[in-house]
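In the two complexes below, chain A is the common chain; its partner is chain B in one and chain C in the other.
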Partner chain A sequence: MLKLGIPSFFLFILILQIKGDDFKEEIFIKPLPPSHLYVNFHFITLVNGEESFEHSHLAPRSLGEIMSRYQVEELHLTLTEGQWKHKQWGYPVLDAAPGAELYAWFSPEVIDVDAHWKKLSSTLSGLFCASLNFIENFNTITPKMSLWPTGAQKLKQNYTSQLRYASLPREIVCTENLTPWKKLLPCESSHGFSSLLNSRMIHNTNYHSIGVHVRRTCVDNNCLDTNLEIKQTVALVYDFKIINSMDWSFRKLFGQGLPGACPLSSSSKIYIDTTSNSTYRFKLSPEPNNIVLSQRGGSETELAVYNITNSVMMNIVAKYETKDKIFVNIPPPLTFTQYVLGYGKEFGGIVTELTNNYWAPIDVVLLENAPWWLPIQLSSLRINGEAESKLIMSQYYSPGKSRQKPYHLELLLRLPPKSTTTLTIDFEFVFLKWQEYPPDANHGFYIGSALISANLPTAKNYTSLPIHGNTFDSVINASKPWYPMIFRTNGAMVSLPTPDFSMPYNVICLACTVVALAFGPLNNICTKELVLKAAGTPLSLRQKIFNIFKKKKD
Partner chain B sequence: MALMRKYFVAGIVRYWLIHTDYWQTIANRVEIATPLNSWKRLIEGVYLYDHGIDPYEGDSFHESPIMLLFFHFILKKVPYLLPLIFTFMDILTAHILYKTSKAFVRLFEETQEKNKQHVAEESKTMLLNKSQLNEAPDYVLSVYLFNPYSVLNCVGMTSTVTQNLLISMSLWGAASGQKLLACIFIALATHQALYPILLVVPISILLADVNKGCNKCSYIRTLLAFVLCWGFLIYISAYIMDGSYRYVYNTYGFILTVPDLKPNIGLFWYFFTEMFEHFRLLFVCAFQINALALYVVPLTLRFHKEPVLLATVLIALSTIFRSYPCVGDVGFYLALLPLWKHLFTFMQQKFIVGCAFIITSVLGPTVWHLWIYSGSANANFFFGVTLSFATAQIFLITDLLFAYIKREFTLKHGSSRRIDDKPAKLVLQ
Partner chain C sequence: MSKHDTKSETEEANRMWASASFVGVLIIIGLPLWWKTTEVYRVALPYDKINAFETDSHYISTELTVLANDDETAQEVARQIEKAFQESDVIKLKITKKIIPNKLQHLLDSVADEQEALEDVGAAFNIKKHNTFYVVQRKPLYQDVWVGTERVAFFRDIKACSTIVKVLEKWIYQPSVLIGARSEIADAARQVRFPSGPGYHVVLSVVHPRPQELKVNFNARDAIEDYIGSFVDELTELHNFTLKSQWLHLLDFDFEATEVPGGRVAGAERLPLLLTRLEERAATHVSERPTLNLALYVVPCRLAPLALQRYDKEIPPPVQAFMSPKWGGVVFGNPTPEECEKQVYTPPVNLIMGTFLSQLRKLLGITDKEAQAGARLEALRRAAPRAWERDALLRLRALQQLASAETSLRSLAKLLGEISNIVINDEVGASINLAVESIHRATEHMEKADLLEAHRYSQRAFLAAETAFMEPSLLALLYFPDDQKYAIYIPLFLPIMFPVVLSLKNLLLWFRGKPVHKEKTD
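Right, the complex of A and B next:
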């Protein structure tokens, strides 16, 4: 049975290869000395052509139908827990905002983009069991400069108007999101690298982010034909403190060894960044298949490559030789941080600090996306304390409207070399209606992270794939004049003033009483005549009390 | 001379306070600056307008386009003159109120003369003499100049300063019989804050009284002039905003639908914070009718012979019940009260109202601090204070009206409260 199975399997793959559909899986592991380990999974499914989607045996049909029904050109969805620390860890392959983040470009034929967007988010909400259905007009923006499509696009078309972006910083990512995500893979979680994604282990990390990225890529250089690329990613950052030692192994990280490659994949590779080996020596076992030296944008990276072909249980182990060495962290070219200013619940400010550690100026686009309940005042924008700064090269502002539209500010800034640029913008706290507060209103409200897109002049700490690359091999020796990256700053939290939730009846009664206090006398004055009326001799209080007792005696 | 000294001192106090470090704190106080009139929002609107962004697209600016243009001009050309301009506007308001009250006093004298034959013999002493009448304008002036509510309002550089100026101008125009002037200014005030539309009624009565002749024709002419002025202003504003009427939603719409629930001294904020969603529209309508329409007709029918009293009461009631009131509005109608100094003897709740004003004015900022900054109180505390402040104002106004009808009665029937030598009391029947 088994003997018969394997050849037919290969035949099957062969058919798929002819058809042009392709599946690859990759793991990229990078130690982040001294205390963390970055593991990044990539599952790439390429579908040839546009019509063949329904006949593909590799691509998830559920996702494909969503793409074609809502005419989505490019889609990026990430569900993230934790905060990537750019200053300490360098740059991730793909950055993601805390919570849920979704952005998509719709096809230029779509006229009512907002309606499609709403439907898309609701459908994805069902597909991934995430609260994406909370995406409404009041938390959706259309970035003008920060985001650009990464896939193949027809030239001379206005893509910005077809873009929608939303982030839900409050979203909590859990197993229920991972399970449907794994179901989209051809091998699901039974074979291949995805069998390592054991929710018990991966939710035990400092940072984890799962994502789905769909785009169109060119088949060849002429780009007459396009493929649909579905890339599913998982990024994990392990804390050595949690796994209890610096030595790591697959068994320690994922609770089990690697059971081999997915039979449907055309390539299953593991890349381990061993550049830090020169300072923090560690030994890998088993020995890697080969070691690649990559020179990219003035920085050298050494990658140990494992080519997994068989389905034999395997456990990659790294053993550190020196354990207590002082590590000097050299920060990447661009670092940033965001925080909230002020005390009390009346006025506050958001501060964004951007540090350029490079010797040349860096141009960045900063996108501040404040929810409607955090009205920012553009007139209070200060860059390094100046109202009219020369650093701003271009600016876009769309004021928010309560319960309808968020505040959206985009700035193209030229960050001077070796300097920190501080942006402050003031906001006023909004008093919401009592039913608009989420459960546990005093927990606070999350502010989404700001987006920073930059074209970095150097590839130091840069791990992202080049824009045309599908797989990790494309990183090797991929020197380019610019290294584009979209960063997310850390999120923040504010505590909005709350009413007393137990009071609605009392408040309604009291306020109406006061209104009645005016209405009654005014009604009397207007409708009645003042007359003198004979009165009986009024009883004094003493007499009244006396009368009561008198009655009782009777 | 004494007059000049008053103006000078009041001007200096205002100008100095604007230049102290407390200015920012004062300009940000919830009691002084509402979303409708705050200086901060005006600056934001002008900034957006200056940068080619429609200020009415967002939710940060609720002034009329005319104000936008006016302040855009000032902020661009002479920003350093702003404190001076605000001080000057407030002093001008005081001066116009002074002149208006002089005209009003003349009106009082005339009516008193006319009704003399109806006055009971024993009440003749109650009639106002020259010196009593001449005192009133001085009191009006002093109250407006030195009332902390008005002072703080001016120091906070709120747009209520402009509004008070416009209302006083229209009252003056009415008192001096200049129909067009009155209509233009009342239309400007209405265009800015909507609620002054109530004043059309007393102003048209006043104009008819002052100008004499055909009453009905005068009413119609005034009303027509007002509608034309207002319509023209609405059109001009749209012209300023490149023909877009979107500003209407952000000015009148904002006032009427109360979307911003930031606390103020009024009744709306907590009521609509705690309102059940499906009753919101009903209660918004009820409260706005209460502020805009409910009292106009009955009060007009009852007090059409006293348009000045009608104007005072309508200004006060619309201040108490408007959606975004501030202390500047309160200060304005308090300044009109000395005109009714002769009624004070008939008022019963002066002491209670006085105490309530003082206590709430002290407690308001205190509980606000406790709620917002130290977190040891909650919204109910501030709500309680605003509620009692509103109650105090209501008591003041109803008491004033009661005092007026009691005085009327006394003038007519004498001050004796006896029927056939038996004790009797005054009742409404």
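Right, the complex of A and C next:
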């Protein structure tokens, strides 16, 4: 235990010594054999003191301004394209829901949290050029069990009432979000690791996710003072089929070499997970500065560390020795999948399958968040086909309200070892008003991912930072009784009954015509008299003109 | 025959009543119903009051006290001032003449220092009151007229009359600037100063293009709080200020500088582009209030010293700076060769912040005072603006806000007349009414020389008028196309209304007891 305490102790000393802002940049690269490569960028800015929002040094003033104006304690925003495949790739450092996801804790002084939440999402929408302004009350929930603040918080405080969570699964993430994101970095994209984030290359991946995470961290063990930590992340999963070879290099991945460290960063490090080297041998060049062996929760990880200090162009290359090898994928302890059941346009159901591959039970909190137009009924909840299941340890259900509130179900489940638990819940389709349909309504409607927060008993496939850690070196030998993680399942899509949108206009025109046709004769019969006309009466001028036309017709 | 007649007459009556009921349902009930249900919602607005606004007739009253040693001087000075300001319709002086009490006169003639004399006047009269000014005679003066930081001007004797009038016109009251604030066309001073508002952010950005080569010793927080803070604290009755600072690193900019003896000169046409680059990074768009930008650009060593123009014969100024109207100012920090060698640059805080302050004064509306022959303007010793400059600013802002509020309301009223689709909901109506009321209150206070209240009401009027004018709900129905309306109305109304309207003629004839059909008379 003593051995474990020392690195974190050093870390605190390090933080103590720093005065003013501190900026660090890191890249974590992990090959996901046989066909993928995970690259994770971390940019960490630590801001000293409580009131530095008005006067910023390395931290972005725009973000600080937003945080202080809306009294946000902790903020997590991710913009993601693609789907992380947990079964195949293991666990990412930070999981993110497809599309846009935003959640924030507001300070306890905030009374009207909803108003602040709306303003916060609208402002962030402007800052990141994302459609976060579509976050309204009807797609916002307040999770009760699944989300907990990761930063330093005052004790005995009601966190959940100050929390808001929303996800927009339809959001498409592209260059216009990356450019403002890069502007928040002190080195922008001109120097350092961020110069690798070339939008042409990083959007050519299977999965990419950019994120901003702001929280308060303790300055020391006593936690009398807090730092503000602004962490900006980029997660990329490259497909070897897209880069056309198994051998990867910075030039292949990012289109250019690394031009050196950011001159403002106090540490610029690249970590490459070489654990898979034992099965899939590859050689790194240039040689890493050192190799660290980390033992964490019963699994061993080998990390090659590059310490970048100079500003010389460099290119890290990995060359595989054996190319064709059959890979046996050992799935991580907890895997899950979500899909939609049903046919027709009346009823359907959401199925969530949770598989525990571990030899001990795992406790998870599952959060299902269904929009108001997809009413889910608690009475139809079945776990492994049973209505009353012993697996549910606690449950929270908040029914939605039409156009006001989404449906929100949270379950604390104990997943039995080596088993798959299947949850089904039925929904019925709802007719929307014609203005509520999005453009291209026949494309279908997205259902947001379910949130699964778990305390994993093993660190197998686990790459996340420990909760007190700022930088990546905190994962080294960071054994803990459990490893908390919040997963997002894949999203799903349903097709709601979609009308023909020109119909109302057609109906109005038709109805008008019918009314007009009916009215004419009725009016004539009621108000006109039919008079017989004797033959040979002199013709009036009008009748003469009519007769000319009649003759022509004949 | 008569039976046949009566039968046809009752049939005729039936037909006519049927026709009348169609008319009754469609025209008497239907049309008003249609009108009422398709009407654009508008709160009743005080159009007559808005149209009665006369922006050019607003004026501000102000109090001026002439204190002289003898009655004759006081009379003459007051007469001259009165004559000079008689023409002005924007400022009305209320001049009071007094003889200086003997004790004070003795003090004024004996103390050597003007500052001390000022304190003596302050002890005898209330010079802290807004919108007042004292013209005081003081014999042992080296110049004709002396003006300090307080609301007092000293003059030597009766010969200084014309100088006093000039000083009052050009420095203290500045009627030309006030007219510029009131009129629709912006004058030179208005083109520079920021538009009125309840508050501003002042952001000091330290731009450091090459952090790897040079360390900059500059505490931005202390600098802005010490210098700018003590300046804006004096202006709290005008606006709220928030002070902010930030560092922008690695913002490289190509000045296309040309080599001259002793340094480099930046291309003048490149400077606007520098502002664009700053704007990109300065994150001014996240704050809801307008931002006054102050940027300290630390010139990279390979360019230093960088100047903005050539100085062939004259001595270059100690600070290179430029200002962009309604945006802010940029000051260049040029490290010396020794500092470049040591790789540590300590900017001269006093000089730089002083430059920012002088830029800030102009941006907030304090004009430069050009020298007048025979008059001496005491140089500023502190960051704070002079007391009479604050009064001038209050007058200026009050007039400008009033004029701007009236223009907004007038334009809105005109737009409402021109575009029938604009909705005026209750909130917009309330803010329009508030603006109109505040304009009247502000005008009253202005005429009573109650400057602080006048400014408060004019600001309220300005804000209410802006809110009403900018309210997005006005546009709710603006883009509702007329052709879609007609596409529905025409099939419905044309076949139905046509026979009904035509039957009106027969109906009228019948009601008057005249025969309906001509054929029948045969």
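Just so it is clear, the second predicted complex is superposed on the first by the 487 of 554 C-alpha atoms of A that agree within 3 Å, B and C clash if a C-alpha of one lies under 4 Å from a C-alpha of the other, contacts with A are read in each partner's own complex, and residues count from 1 in each chain.
We take it that contacts are C-beta pairs under 8 Å (C-beta built on N, C-alpha and C of every residue); 3 or more make two chains touch, one makes a residue touch a chain.
Just so we're clear, the structure is a prediction, and the values are computed from it rather than from any experiment.
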{"item": "Touching partner for A:188 - first (chain B), second (chain C), both, neither", "value": "second"}
{"item": "Contacts of A:112 with chain B and chain C, given as first, second, both or neither", "value": "neither"}
{"item": "First, second, both or neither for A:403, with chain B first and chain C second", "value": "first"}
{"item": "Which partner reaches more residues of chain A (counting touched residues only), chain B or chain C", "value": "B"}
{"item": "Chain B versus chain C as contact partner of A:430, first or second or both or neither", "value": "first"}
{"item": "Which superposed partner A:515 touches (first chain B, second chain C, both, neither)", "value": "both"}
{"item": "Which superposed partner A:526 touches (first chain B, second chain C, both, neither)", "value": "both"}
{"item": "Partner chain(s) touched by A:343 [first = chain B, second = chain C, both, neither]", "value": "first"}
{"item": "On chain A, the residue positions that both chain B and chain C contact, one per complex", "value": "508, 515, 517, 519, 523-524, 526-529, 531"}
{"item": "Residue ranges of chain A touching chain B (in the complex, touch as defined)", "value": "343-347, 372, 375, 377-379, 395, 397-403, 405, 407, 428, 430-435, 497-500, 503-504, 507-508, 510-511, 514-515, 517-519, 521-535, 537"}
{"item": "Residue numbers on chain B that touch chain A, as the complex places them", "value": "28, 30, 40, 43-44, 46-48, 51, 53, 55, 57-60, 259-263, 267, 269-277, 287, 290, 294-295, 298-299, 301-302, 317, 320-321, 371-373, 378-380, 383, 387, 390-391, 394-395, 397-398, 401-402, 405-406, 408-409, 413, 417, 419-420, 422-429"}
{"item": "Of all residues in chain C, those that touch chain A in their complex", "value": "11-12, 15-16, 18-19, 22, 203, 211-212, 220-221, 224, 242-247, 249-250, 252, 280-281, 283, 285-287, 487-488, 491-492, 494-496, 499-500, 503, 517, 519"}
{"item": "Of all residues in chain A, those that touch chain C in their complex", "value": "54-58, 60-62, 65-66, 123, 126-127, 183, 186-188, 190-191, 263-264, 311, 505, 508-509, 512-513, 515-517, 519-520, 523-524, 526-529, 531"}
